[in-house]
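Every chain is named by a letter (A, B, C and D) in the order it is written, and numbering of its residues begins at 1.
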Amino acid sequence: MRRYFGRKLSIYGLTFFVAVTVNWMIPRFMPGDPIESMVARLTMRPETVEPMREYFERFFGYDVPLWKQYLNFWGALLQGDLGTSVWLFPRPVTSVIMGSLPYTLGLLLPAILLSWWAGNKFGAIAARNRWLDNTFLPVGYLLTATPYMWLALVLAFLLAWQFDLFPLAGAYSVTLRPNWSWTFVWDLLRHWFLPFATLFIVAFGGWAIGMRNMIIYELEADYSRYLESLGAPRRLIRRYSFRNALLPQITGLALQLGAVVAGALVTEIVFSYPGLGWVTLKAVENLDFYLLQGVFLFIVAGVLVANFLIDVVYVLVDPRTRLGMQGRAA
Amino acid sequence: MLEFDSVTKEFRVGAFGRLTITAVDDVSFRIAPGEIVSLIGESGSGKSTIGRMILRLTPATKGTIRFDGVDVSTLGRKELKEYYRHVQGVFQDPFSSFNPVFKADRVFEMLRSQFYPDRSGSEWEDRVAKAVEDVGLNPVQVLNRYPHQLSGGQLQRMLLARALLLDLRLLVADEVISMLDASTRVGVLNLLAELRERGLSILFITHDLALGYYISDRTIILRRGSIVEMGDTRRVFQDPRHPYTQTLLASVPQMEWRWRDRPVSAAVPVDGDGTGDAEPVTVLEEVEPGHWVAVS
Amino acid sequence: MSLRVEDLRVYYQTLEGEVKALDGVSFAIADGEIMGLAGESGCGKSTLAQSIVRLVPPMKLVGGVVELDGEKLPIDDFEAMNRHRMVGVSIVPQYAMSALNPTRKIGKLIKELLGARGISYRAKLPELENRLQLVGLPREVLDMYPIELSGGMKQRVVMVISTLLDPSLLIADEITSALDVSTQRAVAEMLVDFRDREIVKSMMVVTHDVSILYQIADSILIMYAGQPVESGPAEVITHAPRHPYTQLLVGSLPQVGVRYDEQPLSGIAGNPPGLIDPPSGCRFRPRCPFASERCESRPPLVEIGDGHSVACWKVMEEEDARV
Amino acid sequence: MSDTLPRDTTLPAAEGVPAPAAPAPRSRRSEFLYFALRNPKLWIGGLVVLFFAVTAVVGPRLTDYGVQEYVGPPASPPSAEHWFGTTTFGQDVFTQFVHGLGASFIVGLLGGGIAAIVGMTVGFVAGYRGGIVDEVLNVMTNIVLVLPTLAVLIIIAAYLEVRGVVTEAVFIGLTSWPWAARAIRAQTFSLAARDFVDLARLTGVPTRKIILGEIAPNMSSYLFMTFILLFGGAILAAATLDFIGLGPTDGMSLGLMMNNAVLWSALQLGLWWWFVPPGLAIALIVGSLYFMNVGLDEVFNPRLRTT
């Protein structure tokens, strides 16, 4: 068990190391000069250009040898210092991200967990009903193939613009100040719903299809055949199949994390929802590379942590991994 | 001709090979020209690993395997090809030995392109037809067909024909008939015996004692990677000295006597020979000329 | 009579047509009898074993009756059969090593299986532990997951589960073929023990290995190309068979004591026929050294001696001549 | 004795122990064709993809307008003159759409192709060689697998001042191969254990030829299906990237259309014809590709065939 987690953790550690290194390398080795473009945007008068550039170069640490820059980069990172945002100068990147993180998490966590749960349930039901299966299958594949931003646009157009059931943009109405009143929470929820629904619906299709395919496979497995031969009721066989089919779906959850996070980013953009996605858009528009890189590191770290949590859950629910680890040949 | 000298094979398993499993443990034997040696063992005895090491499909961890006095592990690419000209293998599952997406006679063509690239079309075709007839097949019925259109027996014979197209001297036959039906397996078995009469040596690997007895001159009984008994086939079967050989013989279903008349006292084994405590270290002792038994 | 099968016909639906895997199979198994069912691959023996317990597409019941203890089994009604499965007829399948749900502890699996029939696990536990002991397993396996057991142990667990409700008929489908020699004997003898202790009333042992049947079966039924060709007491079938196929089959089995250089055996020429469009009449005709014109019509399975039946015109002629 | 009657039965594999795995009828190819033609998932999916591919090729010829040209009254709904209406600036949406469609197919083919090649190479080598090579490649695959692809693409694209469709496709291809490599590795691993591979080695066939000549043909259907999925994935990835504003700096793409629509308040103005076609086309193309994949799976995998 310790070996299993040790192996997993070292992979994640290595991944994080690679991500940080890539993050450090890209601005230094890519064509183009980020400071140049930053200076170009910020300066008003020609005579301030040179002092400005010097200031930035010192500020971002470009005036020391490369290896030292790299070490400094790590040093700053470990102290939680991701640099300063250009867009919201002089706010530190960490603070910008921390401000938007709750919105993204507030969308992602419920969307991922609920779509996983509901999709699996629905897929299991679809697998046992031929009619439902035949109708759902094309719809399901279409759903997984739908670009998140497009569904967001369509939902926003229909439910917010056409029928005015939900607000079109933002996390809460501009007329309100954040507080814990019912009015505000209700307003928050109304703004939250459409982006959440977008993420939920697309992800739901994927889980339902995955479960449907897995459970059909499980229902034909030898243990299902044996239970049938023993006259076990269908209910019991289905329950076993469902449970066993859930296991690969947990692994699937880890694999899909990246895609759902990407979906959240673009959905936020459509709804001007002030999470990481919206921050990303602003960073791209304002050529705020430090913010962009900060967001990148945060996403990578978040995905890695989530991956590890999923590993832990998997080991808890699948006896095979738990027992297979005790020194047996893999 | 073939010397298998103190060979050990360890497999590394687990992430980055943390664990080792000893599949073959210090095994030595020889195969003389024109001799059929049967290698008998249950699952996990290492019998197939020995065959694969002789065919150099897997390297030995320790010890040497010599063919005509030459250590086979030292062979370079060219010499290895020459080695394969004399030493070939046929395996257990005929349907797995043929690539299902191609026609079955592709095995002959592959052989030609590697070993006889200068042979012309019709001359080669005649040779193939002759080899196919030699193994009791009708070329019209087996050539130009897909593997799934042929029976297991036909496929195994095709593989023998393939080996015979070379200057074959030693054949490693690994469970070659265990997946065939009763009515066809004897035919393939008899064919092997006929090949021997033409001077071929055969290492006949099997788990079935009756098959070993039927065909071989000498028998090696293998257990958990070690030889427990080795000698002239008749002597080993008629006068088994090692308790393991005796248990095996008592367990073979026969149609001459019933189990119930010869009870085995030992505790009921759950899994053949795969489990159990570590074996004590043993050495082979010659109990009569050419008959060796492991003693602790 | 424990089991009576009358003119059973089960076909497989395939693209090229119906594969007549079982085409008119009749036999009976008496109380306390172990019947061995043998034949080459493709003869229909496994189809027979499966269709009595779990007949699902592409298998299709075309005709015939299966009776267990005098009651007709609804073998083509999947749901109605549930009442008989495990209690009336039970199977130890060929895939026994992978037959257990990998994510359930053995004990819990049994508990849920029994619970579905309204049987209390606790009440059954002492008997269950007895049975485990009988097959040489400790009671601790109940607290283990299948992955913790070796292949042989899993198979024994399956044997215990399948027989837990004392079925009238147990079908053992090729359960010894994947085992090593020494284990094979132990498992085969366990089957006999199950019968001797009256855990099961009767048994059908399906195998391709006739010599195993000589060891444990009371009677043997030989099938060829979807039809029975000969049946009778084990001793008679193995040592005095009459049907040419049985004779050739038994004659082709190497035994310890038989050597090529002393007494070469011979196999049977040719291969079994395809079952989509099998040969008319006797299906062994194309491979039979004694085939004559008469064999173009199907020979009936006729009793020629004490419980010994043969489906062969030549044998019937010889019998007629003797009378 | 002779052993020469051809075996022409097609008994299911359940019969007896020595039975070969489900012998196929006369010819595998004709059997696949039979099922392929009768598989509605396959041909419906194929038709949809084909329809869009043809539109991407023929479409630009049906329109006289330039992609960025201001040609009509701003923000006008679909009409006979402007089939898909116009943008806030009066650009023809249909023109943008057909050009964007072309870009999507190029990204899909190129990105999917590159990912397939990398995935196959890594998968084949890791699965066939095993041992330490496998371990190293495995670690590499796992790293790229857990890295959130889009985040990496955003970072790379953000620093590129000039971006083309090809660059985009290359980067997508280089980051989306891991799952394919994993799947192919597993397949290769099991195929490499088959006896015909050993037999090829005993014939002195070199490793590269064994992989390409013996192993790969056995998974050709699987490789094709992998490519289809990578193809669809690349289209989606490109659309997302374009939508954030990190797509090709020149030319038009379906993602960019949606990006423009959001940027210039198509939502607030209710210009649905601007953003509905590009997203719908992507959903239909990628969905059809997935659907075809299921169809192909059923064709090649007898166990999944219904009836």
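Just so we're on the same page, a residue touches a chain if its C-beta (ideal position, glycine included) is under 8 Å from a C-beta of that chain, and two chains touch if they have at least 3 such contacts.
Note that this is a predicted model, so its numbers are computed, not measured.
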Reaching chain D from chain B through chains that touch each other, fewest steps: 1
Far-end chain from chain C, centres as C-alpha averages: A
Centre-most chain [mean C-alpha coordinates]: D
Chain A and chain B: spacing of chain centres that average the CA atoms, whole Å: 55
Whole-Å gap separating chain C and chain D, where each centre is the average of the chain's CA atoms: 49
Between chain B and chain C, centroid-to-centroid distance (C-alpha), Å: 31
Centre-of-Cα separation between chain D and chain A, whole angstrom: 23
For chain B, residues that touch 2 or more chains besides their own: 15, 151, 153, 181, 184, 187, 190
Residue list for chain D, restricted to those that touch at least two other chains: 1-8, 17-18
Chain C, residues touching no fewer than two other chains: 40-41, 208, 266-267, 271
Residues of chain B defined as touching chain D within the complex: 15-17, 52, 55, 57, 77, 80-81, 84, 88-89, 91-102, 107, 110-111, 114-115, 136-138, 141-142, 145-146, 148-154, 157, 159, 179-181, 184, 187, 190
Touching residues (chain side chain C, partner chain A) in the complex: 53-54, 56, 81-87, 90-91, 93, 95, 98-105, 112-113, 116-117, 145, 147-148, 158, 161-162
Residues on chain A engaged by chain C in the complex (per definition of touch): 221-223, 225-233, 235-236, 240, 243-244, 247, 318-320, 323-324
In the complex, chain D residues that touch chain A: 139, 142-143, 145-152, 154-156, 158-161, 179, 232, 236, 239-240, 243-246, 255, 258, 261-262, 267-268, 270, 272, 275-276, 278-280, 282-291, 294, 303-304
Contact set on chain B toward chain C in their complex: 42-43, 151, 153, 181-187, 189-190, 193, 207-211, 213-215, 237, 247-256, 258-259, 264, 267-275
